[in-house]
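Across the two complexes that follow, chain A remains constant while its partner is chain B and subsequently chain C.
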Partner chain A sequence: MNLLSLGVLRKRGSFVKGFKSGVYDKQETRAAFLFIMPALLLLVVFIFYPMTRALLISLENYNLISGSSSPAGLDNYKQLMSDGVFWASLGHSFYFAAVVIPLQTMIALGLALLVRRTFRGVGIFRTVYFLPVVVSFAIASTIFKLIYNKDYGMLNVILKGLGLPVADFLSNPDIAMIGIIILCIWKAMGFFMIVFLAGLNNIPDSLYEAAHVDGAGPVQQFIRVTLPLLKRTTAFVVIITTMDALKIFVPVYITTSGGPAQSTSTIVHYIYETAFKQMNMGYASAAAFILFGIVLLISVVQLRIFRTDVEY
Partner chain B sequence: MDKRHTGLFVLRMVMMTVIALLVIFPVYWMIMSSFRTQEEIFKYSKLGWELFFPVQPTLDNYKAIFTDPSKPFGRYMANTLFVAVVVTAAGLLVNSLAAFAFAKLRFPFKKVLLVVFLSSLVIPYEVIMIPQYLLIGELGWMNMYKALIVPQIVWVFGIFMLIQFFTDIPRDILEAGRMDGAGWMRIYYKIVLPAAVPALITLGLMTFLNQWDSFLWPLVVINEEKKQVVQVAISSFQSLRNISWGKVLAATTISSVPILGIFLILQKYYVQGITMSGVKG
Partner chain C sequence: MKKRAAVLLLAAVTLLSAAGCQSGSKPGGAASNGDAGGKEAVELKFWRHDFAPEAESLNKLIASFQAKYPNIKVKMELIPNDQYETKIRTALAGGNPPDIMALDGPTLASYAHQGALLPLDEYMAKDGNKDDIAKPVLESLTYQGKIYAAPNNDASLAMFYNKKMFQQKNIPLPSKNPDEAWTWEQVLDAAKKLNDPAGGVYGWNPTPWGFAGHEGAPFSEMSFLWQAGGEILSPDMKTAKGYLDSPENKKALEFWNSLYNTAKVAPKELPQDAFANGKVAIHVDGPWAFGSLEQNFPNFKLGEDYDVAPLWKDAKQVTPNGSWNMAISSKTKYPEEAWAFLNWVTGVEGSKQWYQDTKNLPARLSTADAFQELKEYPMNIFVQQSAKYAKPRPVTPAYPAISEAVRLLFEDVGLGGLDVDAALKKAVTKIDSGIAQVEK
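What follows is the complex of A and B.
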């Protein structure tokens, strides 16, 4: 009865919402807030507060070495606009992303198609292809660094043995990034293979049977059935890969430290160096915000593209 | 099966095997070389069987990394294990409580709070890293394990994943518990948690792996040698001059092979996590 009268009272304010909110159980509400509180507190202290503060710091001249901070307005941003090293590092990140996104997506889809059918032993192949995902980035980078070594590395020993020209992935600025790209694709392709595999399993067999009856060969089935129905999965893979690729850091830090001749210094490596080597927090925060803006913009554009594609 | 199909199948198997060998090679090479002497690693620079198998297998590299007092590798492993276990346990508790409230309880401002939680997913780590670092300094947590633990506990991806899982638990069961006079806390750990064990294993595994692999944050907030985590310690192994490849590879092997083992045993849950949430760990 109590609840009902509450509901009636609330009706004055807003008809629909009022009645619903009138039926909240007091104990249940208290329990809910109690349950959410720890997570919310941690979220506010370690994510939302730092986010706000990052914006404020980016508007300051904040150097930890000199311990000074003074308001700078938009100076950091203006200075970044004419900072060649910043733009170069952004360029390296985009180059990395532009190669990795299509290549890795195609390889992952290819692997998923290979291990899709169930036959004896297919589980072993899936496990093997997925294994590098479980190897940490730091360790993967370390292994590849040694394998790439110009004089003693396995790669060049094998290339030499086969009579091929040696590839010097770590000290030749022209190809250093390619070495990092190979390492990253090796590490991540298994993850996206699993995502594609889940997408492929969602396509009903009846569609393939229908296509088969209509006389479509394997290639046509792939183009007419598989690809269109994988659009959502592909969207997910491309968007996540883009975000990851633009933020690549650990392999760069470990294999080349941004060298040779700054040729592999990505944007996050630049932010790291500025913040934690030069201790220039304001400038680094401004760079991080520009990166944030770019990533957000690209994600929104990608979502739009994929959405309109699905609708038509 | 006609000839063409068998032919295709064989071709496909060959292709898959070649790819598998290429994929597994770096891991195999790491493990194999960690059993080689320093001399042997650099000795064979021509193609031949010696290149792919240790000629005189030795455990010296492992002995060396565990007995070097300036680089206490056992300590690094213990540090990392401690941090990863605490973050996983605390994270499972905090995130599952929040997820339970969002999935099953009725309370005012639920939608608003959920949007607040989800909006944090847009914030890239690179942006908040600097103020987080300053905050850790102000709290006086530099070089302390809590700097590695506390900021990592809440994981909105995890909450989101668990919400999807908890939604399937019928509200009637919870109401029945209420009728029996149980409080919500009791319902949470008597009814909800047992029903969600597979999801909790998935989330726990992902959290643990993320923590075990964590690199950038410990690199920044831990400067004291003996408190470092294993991933950063390994990367500092090789920045030293006169590095021993054998030692580096023994270190990478011993810090990744147990993880690969855990994965092989629990891979069902890990893969389920990827496909269930459609979200990256």
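What follows is the complex of A and C.
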């Protein structure tokens, strides 16, 4: 553990300011070490240890109930490579993410721009948009399940009333994922709206005034001032949304159980089913590690893309 | 840089919360070992899924048991239905299971295969009145020649139909005789006449909970294959290849496909209480439906608005069976006491009390014999079906894979628009890899 902690220290060394050689250096290292200790201990006990265990389990034939296991080497990983259901569920997750990340970010930013201005009753709008965030995902999913029902759900009753075709989100494999996407955006947009609102409020008015003096219209102000200065906020929003999107589980589990015909079975749903229903813990852990690798890679790439030098 | 590291760390933490839950969780806390001081005093831990009327009956049985055996204390813990299986499995994984657990029939082989359950043969032979338990039920509780659980009750399905709708369309009513089930064609014929898309009425709902994500779906769907004369596994339960993809099953699935996609008599999404609300004319349900219909829809009366007929048949008459049971953990320190309680609840007298309180289909012949109402319509249909036509789901540790494969098979065909051959091929592959996994 000592080695591990030092490794982390060294990695983070660059941000311990005033890093000099000599006695101070040693003292500082010791102090930093002590400060990091409690957090590190928690990480080791609750994150690194379970993760290492999971990694070991992914290399075994491990049944959930018996706890007995036999070494499997890389068999689980090899088998996953040719497991069509695994890849399909990964595909569903990426489809979900590819739609949700840009769409939800744009909606959240749009809402933030709308409720940023101060007018009478703006508080009501802010509250209303934020309300879904407070609702438990389980409850929201249950309610959407009722709303979506093909014959008697509120959505389809309205669509029918307007003479529009019925949207059978719960039984049509082609559009089922869209139903989940709508639910998730509805649920999360309020939170990111608040994040964007904070980012917008951090941009000094003087910059807009200067832009105005230089003759920039509202669109130009948005593109040249707002967007660049929101880069850090956007980075935060996009990275968190990406991780949330790739881990989506509860709404899938409750509204569709991965159906119809597995069209909404996301990767985490697949892992859950494999581990707890099929009781195949080793295989599920291997799938979880592949997911971990993929998401880590994406996060690193995203961090590079969103690296910014703009300070304000 | 600092921010980057922080976000990266954040990324790792959030991610790992997903990976972390995959590792075998080991809940703390020692198993309840009763009172160490008193030599006689024993505390038994008993877990069950929460269902109010049944919990009430169990409380009565626990009270009478404790009055008879004052040294034994039974601590029942009720667990919400949808969390029950996960909780039991994590407790078994953690080596900290309850002494006695409620056990859903199809999970038995998985648990027994992993050595989690105590074989009950010895106890059954001693004072369990084994021969009193219906044969198909006992078969469903036997894995590799040993009995691993005792049944609380059995379950079955029958055809429920809206009598008024039948009369309006001048359709002759089906027989109430358990031996004179309607054929699929007869039901479809009636369903086509009853179907009314404009009025939002579906002719025939062939599976009790619709395309549900739980065991309820394969429970009825497996019988559908068996009715066509098909099989799911080879007799030695080593493969599905050549059995599940038989011509009989293809025919059954083509028929299933027609219900949803050509004749369109079956609802792809089953609305809540569709039958009682007159949105489904022919429904399938179990004996539990009477109580809930009476309670929630007092104006929808048996004999006036609806009636019950035996479950439909095709080449064969086959009905599903199997319900909740009780099993003893192989890790218990008090097998004798645990059996005493198990037998108190599921034995000859306990079963009668259980039937009186819950009205569940009895698994014991003596119970079926003791109540006149079980010999009369409508319960006689369920009782006689269970005695003559019930076929248990395959008792194999690969059952979770089989259940999932069959559920998806019917979904792929009914909803997914997948060709029957392709869907069958997928199901066979899934089952066979499940069997291979268990044998590792």
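Keep in mind that, in the parts below, the second predicted complex is superposed on the first by the 257 of 312 C-alpha atoms of A that agree within 3 Å, B and C clash if a C-alpha of one lies under 4 Å from a C-alpha of the other, contacts with A are read in each partner's own complex, and residues count from 1 in each chain.
Operating definition for what follows: a contact is a pair of C-beta atoms (placed from the backbone, for glycine too) under 8 Å apart; a residue touches a chain by one contact, two chains touch by 3 or more.
Because the structure is a prediction, the values reported are computed rather than measured.
When the two complexes are superposed, the chain touching more residues of chain A, out of chain B and chain C, is B.
Within the superposed three-chain model, A:E273 lies in touch with chain C and out of touch with chain B [touch as defined at top]. Look at A:I239: by the touch rule set out above, it reaches chain C but stays clear of chain B. Once the two complexes are laid over each other on the shared chain, residue contacts for A:Q220 go to neither chain B nor chain C. After overlaying the two complexes on the shared chain, residue contacts for A:K150 are found with chain C alone; chain B is out of touch.
After overlaying the two complexes on the shared chain, residue contacts for A:I57 are found with chain B and with chain C alike. With both structures placed on the common chain, the touch criterion links A:D168 to chain C but leaves chain B unconnected. In the superposition on chain A, A:A198 contacts chain B only, with no contact to chain C. Contacts of A:S66 after superposition: chain C is touched, whereas chain B is not reached.
Common to the chain B and chain C interfaces on chain A are residues 43, 46-47, 50-51, 53-54, 57, 152, 236, 240, 243, 247, 268, 271, 275-276, 281, 284-285, 288-289, 291-292, 295-296. Every residue of chain B that touches chain A in the complex is listed here, in rising order: 12, 15-16, 19-20, 23-24, 26-27, 29-30, 41-42, 44-47, 51, 94-95, 97-98, 100-102, 105-108, 110, 113, 116-117, 120, 122-135, 150-151, 153-154, 156, 159, 183-185, 188, 209, 212-213, 215-216, 220, 231-232, 234-235, 238, 245, 248-249, 252, 255-256, 259-260, 263-264, 267, 270-271, 274-275, 278, 280.
Taken together, the chain A residues at the contact with chain C in this complex read 11-12, 14-15, 43, 46-47, 50-51, 53-54, 57, 61-68, 70, 72, 85, 149-152, 168, 170-173, 232, 235-236, 239-240, 243, 247, 256-263, 268, 271, 273, 275-281, 283-285, 288-289, 291-292, 295-296, 299-300, 303, 307. The touching residues of chain A, when paired with chain B in their complex, are 21, 23-25, 27-29, 31-33, 35-36, 38-40, 42-43, 45-51, 53-54, 57, 111, 114-115, 124-125, 127-132, 134-147, 152, 154, 157-158, 160-162, 186, 190-191, 194-195, 197-198, 236, 240, 243-244, 247, 249-250, 253-254, 268, 271-272, 275-276, 281, 284-285, 288-289, 291-292, 295-296. Here chain C touches chain A in the complex through residues 1-5, 7-8, 11-16, 18-20, 22-24, 85-86, 89, 92-93, 95, 110-111, 114-116, 200, 211-214, 267-269, 271-272, 279, 400-401, 404, 408, 411-412, 415-418, 430, 434, 437, 440, going by the rule given at the top.
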